[in-house]
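Shared between the two complexes below is subunit A, which pairs with subunit B and subunit C, respectively.
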Partner chain A sequence: MPLFGKSQKSPAELVRSLKDAVTALERGDKKAEKAQEDVSKNLVLIKNMLYGTSDAEPQTDIIVAQLAQELYNTNLLLLLIQNLNRIDFEGKKDVAQVFNNVLRRQIGTRSPTVEYICTKPEILFTLMSGYEHQEIASNCGTMLRECARYEALAKIMLYSDDFYNFFRYVEVSTFDIASDAFSTFKELLTRHKMLCAEFLEANYDKVFSHYQRLLNSENYVTRRQSLKLLGELLLDRHNFSIMTRYITNPDNLKLMMNMLKEKSRNIQFEAFHVFKVFVANPNKPKPILDILLRNQDKLVDFLTKFHTDRSEDEQFNDEKAYLIKQIKELKPLEH
Partner chain B sequence: MFNPDINDYQITSIVKECCGGVAVVYSALYKPSNQNVALKRYFVDKTKENANLIQQDILTRKELQHTNILPYLASFVNGRELYIVSPLMTFGSCRDILDGYFQEGLPELACAIVLRDVLLALQYLHKQLYIHRSIRASHVLIGANGVVRVSGLRSAASLMVRGRRQRQLHNLPPPDSDNSNLMWLSPELLEQNLKGYDERSDIYSVGVLSCELANGAVPFAEVPTTLMFTEKVRGSRPQLLDCSTFPEPCLDDSEMKSIYNTDSGVGDSADAVSRLRQVYTSRKLSDTFHHLSEMALQRDPEKRPTATQLLNHLFFKQIRRTDYLPGLIGRVKPIKPDPDDMSALLLQEQMADMDIEKTTEWDF
Partner chain C sequence: MDPRMCRKISSSESLPDADNVEFEVSNVIAPQESDDNFMLEGSPEPHSVTWLHDDEIEDLDPPNFYFNRVDSADIIYRSKKKKCKMVGKYVMGDVLGEGSYGKVKEMLDSVTLCRRAVKILKKRKLRRIPNGEQNVQREIQLLRILRHKNVIELVDVIFNDEKQKMYLVMEFCVGVLQDMLESSPGKKFPQRQAHDYFTQLLDGLEYLHGQGVVHKDIKPGNLLLTLDQTLKITDFGVAEALDMFSPEDTCYTGQGSPAFQPPEIANGAEQFSGIKVDIWSSGVTLYNMTTGRYPFEGDNVYRLLEAIGRGWPAPPPAWVGASLGALLTAMLARDPALRPGVHDIRRHAWVQSRPPLEPGERLVSPRSRRSDELHNSTVIPYLVERHYPSSEEYFTERDLRHELCSGGSRTLSTAELSEGESSHKRRWHSSCGRLPSCRLT
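After this line comes the complex of A and B, so read on.
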């Protein structure tokens, strides 16, 4: 028992007073300052319950279970996220930490919070729209990436219309938000291999027409990151049918050949890893073969001089030698 | 708010090159508000994996708000370079100050003020469950009004991992360009064993920093890495050099140098060495300073005081409210924004020259 002050509030009381405080903050009346204080105070209490402090261990499972149940019943998680921009600096971080802790709750093999969020997908959509607001973008990012680790939640996000907003978020002029959004975007497209492959197959045209814009972005970092991710996606064996589709389109080949001679060495190098797939394809469609044949000598010459300083990178040199050999041996189709 | 647009910033001078040549820090004028800022320009194309570390640095700094931690103001991409805007710290880092003006170390009172402010930053960081992992003089910056701010947050790690609180960490911080960071790290962190390390590892680094600030030279700088490591693990620790710890010169030069690291790194002539030696043997640092440094450098992390406990140390009682850091280091020249600084422009041109385009034209 603490010597001074009141005894500890129960989870239900805590959640109720936090909810009242956030609601007051949302109204924004003249009591807002007091509300701000109450929000911060209650958030810290809840956080300490979940994480413990330097002097105290986290609360027992029963208390944590009660707390989580109250959070679901009152829809407080959504309310907190909707009002995140109104909560003070430390409070925003506390919301993310409370959220991430509760999200990972498990009862046997069940994840009750994940199940709860599946019934309240607004939580995910509100978090995704957090990238529109500079002051909460990275707090939302931490919560989103944690959500993306759960297949059920990743699926909701991938298949939503809001997913296509990411193509805008990853290109915003503020680097920290763009790169945060890119990390989440990448997580969504790579974490759950089967889910991602199914999604990309079902939405190939829409996704890749958006993706094309990233590859042509004015922003160097966006271009480099998205090219690298493209290489990873195409070379992942789960995405085999997506890869075969991608490498039959001559426009894609042209783009990669142009990127091979971009100013940036990193972009050249990443483009090489996509370009090689076009060349290595044993069943090249005619339009692809035609482009390669028209540039046969130039390509051999270009690749021979390409990144010759990477002598220590054995795999790269083997692949390069293989490509040069393949291109030299190319012959027109006989029909 | 600072706009993410290069056209709003006018570069006024080069402060320094850093991060093993992949970044340059400029002073710049933020035109919309006529404010001087520091602009760190990363040549992202020159680096392979560093982009993640830069992102980490920004992410961590965005999570922190404290007078003694270098805030993050904005970041944006222009061309193949990434720019990060921070407040301009006009006196530069403590390492720059030691190299340029105080080879024999800072005056004790200046050390006290700097160490106190570093501990205030750490007190906050540790409360936020971060471990800094690269406390060193080059990451302690001094601003125009004497404000001390800690930078180098790219190496910081959170004990809060995926919604759970860790008691220890086990991994090494990301390597820097020349691995010099190891010299400030605690024995338990370097040991890489199952016990791991926690925030008290930073306190050890504060101990190394106290020697660095007072002696001018970095402890262990002259010792090979493996020897530095075994020395630390065995519990031998660097000392503040004064008449009580620095014996009358009787050893020959090289032996002396390797034991006491009197190599200042600049103008390592016999003259400079003997001058330094004279300074050390003729001065007396306070007993409380020695005590503070010893407490922080204890081999056993359990015995080391926390940042909060160290802040109550007697050593800091000598600081009066009127003590003004820039006054104590009066000979240090602040960075002067100079709009006519041609070298900045020259460098930009030089970078542009490197953009030689490939001449191959594809036939589509």
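After this line comes the complex of A and C, so read on.
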């Protein structure tokens, strides 16, 4: 109890008044302005309970546990996210802070909020659709990436149909939204290695047909980022079977060869790191071998002149020399 | 440097001209200290003797030493000139540590002002180590590709053909887990601290294995800490890159440290799973960090390997708790196939929950060899000397004692002295960076 000032509201009272205020805000009637104010005020109080302030420590574990329990019972987290666009600027940030704090809560080995969200996946889907709305995209992004740290939640997102919306979000014209969406997208595909490998394997065709569109995007940044991520995915041993599958498809090889000739040197360079895997493969299938053989002389010539100013980068030069040697020594399969 | 650590060489060794000048100075100072100075009054031609710095001793031919007695009152010290030395764009600082390959020193990047550490490799020394040169080549090759928060970053490689030296410029770290363990009560960490390091080790390992790199020498001695307590896996001298197109992680050679080797290597298996070797060594590391002991012990390497080969680790003590005990036992499974992967370990109850700091437990902080808790830059004194050169300072044993008795707050701290005395590598240090190279004539 504070020595001076008003006596503090209990977690249950706080959550109830916040919920009332958000509901009023949702109705959007005459009292909206008052509701807006109440929402902001109560959010600050809840935030202070969790984080403390400059002159007050965070509340005890018991109070925080009560608060979390109230949040689950009233489904207030979902309600807040659904109405995020109606809450004022500071309030949006407070929602994200409260959400992330409650999410990280642990009791022994259990994460109660993670378990709660698993039973209410709408929360995740609502957050993902936040990328449709410019004014809440980055707030939703911070909450999504916090969720993606938990394997159980990442799994729900990856295996949902909504995941494929990311292929659209990463290409939107607003740069900050596109790059925020891309970092969430990347987190989902790389954070939990086993989960990601299983997901990519099970949904190989669907994911890579979508991915192909990113690689062919009109947007330079999208093309470059997605190509870089592709290289990372294929060169990670956890994705071994995905890599072996990817490099047997001649269309993928053709795409990479075209990207080697792109105007942008950065894209050329990233493409090189995917292209090298096709060439280094000791068991090249016939269609791949045929393409390489058809272009044997041209490729040797091209690679010899490729990024010759990178003389400092020994790794790159070694790899380039290796590829040139491999291509020179290519022979048609004997039958 | 402790006078007892200094070795003298006879006057027949060639001496730099500068020594003659110092002889004159010592004539002036020494009588003040001891009136019946035998050396000065008794012997018409005192032996000229030179005190050498450790570095210089290494370059001498060993058989030419002989010892003769010198009274401590006859010794005068000279504060070591902090001569500013540049390698490429880096300014050299003091020694941070020493490995079998050579010294590690602190450096400052004069362009970006980033603190760095440099591993100095002497070709001559490297040749004496089995596979030395080959291992360094491999380490450089691997480190160039690897980029992860928990893997040491190789920033630059500089060769000096004339001196036959190689400089590996790396991220700056403040301590090695091994040193911290040795300095802590019970040679172990509180579980909270071990947990923080172990989860970072798992992140680093998962990345390495994802890149097809098997480290093969995971141990507290190869885990460094940065100023912000980020763990860095280092020393890729015996690491191996797996074939990108082979679905297996088969390795054929194991050259890691014996106490951390798994039974399959101890038993001389011709091929084994590389990834499970790292899991085993991480298990021994965790065992060691949390209990202060090793799961296998032996009087010598052969006994040790024999014990490991039998594969019955000393059960983790009951006081570590059931959860950690179970994790350790699982990681130290004799059959590599039964050892959990990084993914399974992450899901283990002990890893999932961060243990609290028990009452009475204290976190162990990284220690530099200078016992400087704030980890001040050791490059600064060199830069100060370079830009504001001070006149040379001489001082005697008596001055030193006097300083120590009067609290030693000005130039020598008593803490440093008492520590120096307990360790066999005794060195004089002072806040102004006075590391005397003493000379006597």
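Details
Just so we're on the same page, the second predicted complex is superposed on the first by the 330 of 335 C-alpha atoms of A that agree within 3 Å, B and C clash if a C-alpha of one lies under 4 Å from a C-alpha of the other, contacts with A are read in each partner's own complex, and residues count from 1 in each chain.
Simple rule for what comes next: a contact is a pair of C-beta atoms (placed from the backbone, for glycine too) under 8 Å apart; a residue touches a chain by one contact, two chains touch by 3 or more.
Everything quoted here is computed from the prediction, not taken from an experiment.
Look at subunit A after the overlay: subunit B and subunit C fit there side by side.
Between subunit B and subunit C, it is B that contacts the larger number of residues in subunit A. Computed from Cα centres after superposition, the angle at subunit A between subunit B and subunit C reads 70 degrees (steps of 10). Legend: residue contacts after superposition of the two complexes on their common chain; A:Glu122 is shown touching neither subunit B nor subunit C.
By the touch criterion defined above, A:Met194 lies against subunit C but remains apart from subunit B after alignment on the C-alpha atoms of chain A. Judged by the touch definition given at the top, the superposed model places A:Asp236 against subunit C, while subunit B stays out of reach.
By the touch criterion stated above, A:Asp61 is placed in contact with neither subunit B nor subunit C.
Of the two partner chains placed by superposition, A:Asp297 touches none, neither subunit B nor subunit C.
Contact with subunit B, but none with subunit C, is seen for A:Gly52 once the two complexes are overlaid on the shared chain. Between subunit B and subunit C, the smallest C-alpha to C-alpha distance in the superposed model amounts to 6 Å.
Taken together, the two complexes place no residue of subunit A in contact with both subunit B and subunit C.
The residues of subunit B lying in touch with subunit A in their complex are 4-5, 44-45, 48, 51, 55, 58-59, 62-63, 65, 72, 74-77, 79-82, 84, 160, 162-165, 355, 357-358, 360, 362-364. Those residues of subunit A whose C-beta lies close enough to touch subunit C in the complex are 106, 108-109, 193-194, 235-238, 240-241, 244, 277, 280-283, 314-315. Put simply, subunit C touches subunit A in their complex at residues 141, 144-145, 206, 209-212, 242, 244-245, 247, 343, 349, 352-354.
Contact residues of subunit A toward subunit B in the complex are 51-52, 58, 89-90, 93, 97, 99-104, 138, 146, 173-176, 178-180, 183, 219-222, 224-225, 254, 257-258, 261, 263-266, 291, 294-295, 298, 301-302.
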